[in-house]
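First chain written, first letter: the chains are A, B, C and D, and each begins at residue 1.
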């Protein structure tokens, strides 16, 4: 429907118009939830309500617009890969991090082992499971879960983030594919930490409880180049934000990243818990929650809402 | 070397500083040529001089900065994929075009058949051979080479573009992998035109003679949303530019696109003839020529110069 | 049903018992046709009658037992790969032949390109399309179709073999996947002949008209180590028969060869035209015709009849 | 050298000639060891002497011919896959066993994960790691290591088989790829037992200490259809021997099985410890030991000796 790319016939900077578009985007998101299905490969995720939808937008100056289920907590899942990467960049640096993981979109599903077994020894990028596990193996040598949780809270400007014990147990019990990945990395001699410790941290970070507002905060942190806009605190060096945003853009929505880049064009990261965090450079953080997923594992409602926002308010990085 | 991401200690809008940085970038490009090798899978390409390097930057207002070999003509090769995509969007529309080709980075080499045989019937994106051949099969039903050439000249604002007959013959004689691709697409029932006609057009478009200035012009056309900044003529609808830039960003440098996105972060397209065309949104078109290629098939000199420019002048889309 | 592996409670060398078992096998074949589907990827093949079934067994001494449709002609399809390999061994020798094609089962479908693109430059074996095309590229330099047809007639002891023009045209028109294969081989620099000439010969050899009796003859020729048992004429050197039978055993029924080896255990080759040729060393040639195919592309009736024969008469090479 | 396939000019049943050929085969084996390299991916294996070579041939009537290192013990490695399969057939039956593992050669390396991740959920065959681990997962529910060891001793007619503790520890410490495989099978929901218990049994069975004579015995057991020729005891049902021999023929030498079938043509199984066990139906068991391996992981000396024997004494199943 947006392929006509008409110029908006309203002032896209008028707060009233923006609010109207946000509401439309929210309703769009709600309607599109029906097209999806809640993830069920982890029992705990299957309990989510497919009709839930929430949209939260936060600006640098602290304005917050919330629609629908923005307070309900759910597990962060793959969106934690951004936090892990940010922690690796902050505590280990760019060179060390990318000595052990590549930066290329893989073209395969998020949990694929194919490329790893076939093409290369290093995982393709930090946004797929193999790459995120690899990043975690590096971090496992210098941090425990408490420090990671503390960093997550600072990076997402949300002290309310806690471990969802039920999801964590569910992950640990059913995470055999991730277990296969960690041992494959180990067998190739590239894993940087202990397999069991690495996996445990990886599962825990996937099991952090967040809500749409948390994700909007994460987006805002990235949009503000690693600085908390409210306290002024620098969480990570501004230079790393290019790297994070670029990898979110090319690899952030699994094997739908390319199409999402065309349709939405905002650096984002999705998780099978139903969340999407998006960063509108220098302006907004956006968080959505909609556990009904499409076939690629991305939130139907979230994509619909973000596509609407992007087109109507010209938020595409190439606009 | 750029991983420190220091803020520049000069005014990045001062024309004198810009000129200095451009010169540095040019020298950087020259030095890095030595790390690469001229393509030799097409005999005609092997004749290029690995030490050649040229950098051309053009602005909206018509300023041009040229360094080194910016007038020497060479074959456009894969950069023609951008022209083909632009033509498809203009003459067939977004929906029709993307009914027959996907938008996902493949994670494989530019000429890979793997994904096509394994995962899907449609080629992954218009920037790899399979996808560009598919795009050409659509165009072959509505245009001949003369119209395509005319469109290429308008899109690149260069009436001097002509077919390099020697390269074209060389392509046609040695293009067996592309021949394999066209017949594989045909066998899957997805090819939209006659295989021989499609291939002939594809080879011809790869054999267009351009120079670094032509590529700067192409970048400028994209940076100016499809409008010729000098004549005011609209070549293609501004809305399509998001799509073209997004696909250049995620897929424009073969299986080095992800890393290039992190290091340079400017939507670009490379060719094994040694060229790179880059679009700095709303500001500049950049063209480089350096036939010494790295292992992924991208110009060593071009990447080095563009990385320098991007960092020093903050041209990264996520800056 | 045969997994009990009971010893037969009758004299397996008693001609009357053998005849009874042959009849049972025939009926078994007829009944199992219903489980299959006639090939339809070549229009000409789709015209076959799925209920047709024929079984022909011939002994060294010239005895022939025929049941059902043993005279009806159909296209030989992949079974011609055995003739091509035999011709290559006879006219080019073992060393030359296996310098250009390997001897390994591929584990992939008969028309797969995957292994070729991924693992190796040489096709895996002469019983898959890529390998048979490669063999044909060698033969194309020393023989034309007339000589190949003459060899086929001698090898199958059937002067009635002629080209089925309709099937040949159908092959040539729809053989795009084979066209892709020949150009992929060419692009890798391993093809030994002209692509078009090679393909034309390959298509022609797939389009030879045979019947179940022809295939029984072919089996008999192999079972008799390359000597026509009726005229005494040596068609190919006895030593090559190990090679042919071994490759039929490991690769003769596409990606069902392993299971067929366990269930039947007689070196055989199948074709999507519905035929199977089997060689019971030093004793019998067996030919079956049943165009209803299973999912792997092998004749349902043929496999059922051969499994019955093998178990009841202990024809398994490992009995 | 054997491609001339000349008929032997001596009486291949004359015991003196046989002895001469056996000696030649032994010397051939010794000479060919130099072409190979001892396995080093398990530290314990790297300690083997690459010049060691032994050949042992045993007949039904108890004659034994031993040359070179036939008493030295080494770890059985992959040859235990035959014992595991035999145990599964005996204790679980054909149907149950092949409900959980296929019978197809994979065309990939013995430890490949590719096919498993890409094509199918069930492992391709019981002779590759994934398939043998799957078989062990079934056995783990009904037997412990003591019973498996007892079965191994009976099947190999060697009470001297014991666990090599050093190799077992080495396997367990470095077996990360097998760990990856077991968890991948588990994640696909096809593994039949506990991952850790399965792996432990698998590692233990790979670590059994055997010698060339043990392997000759194993070959003899198979050649005699599951009956101990000396005591008359039936170890497993004769009917299962077709299955075991057929799978040894199509899959027994990793991704060299097809070529080995052509060159040697005796159902055999190799291990990276340097052993090969071969079964000459109704006649002989042959065991070789030569830890210098070729690139496919098979014993250089063993293959050379067996090829010599097969050609000179016409032991090929298709002779």
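As a convention for this text, a residue touches a chain if its C-beta (ideal position, glycine included) is under 8 Å from a C-beta of that chain, and two chains touch if they have at least 3 such contacts.
Computed from a prediction, not measured in an experiment: that's the story for all the values here.
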(Q) So, comparing C-alpha centroids, which chain is the farthest one from chain A? (A) C
**Q.** Intercentroid distance (Cα basis), chain D paired with chain A, Å
**A.** 49
Q) So, what's the distance in Å between the C-alpha centres of chain D and chain C? A) 30
Q.
Using Cα averages as centroids, what's the distance between chain B and chain D in whole Å?
A. 54
Q: Send over the residues of chain D in touch with two or more other chains.
A: 118
Q: Please give all chain pairs that are in touch with each other.
A: A-B, A-D, B-C, C-D
**Q.** Of chain C, residues touching chain B in the complex
**A.** 112-114, 117-118, 176-177, 179-181, 183-184, 186-187, 195
Q.
Under the definition above, what is the set of chain D residues touching chain C in their complex?
A. 3-6, 93-95, 102-108, 115, 124-125, 237-243, 245-247, 249-251, 255-259, 261-262, 265, 267, 281, 316-319
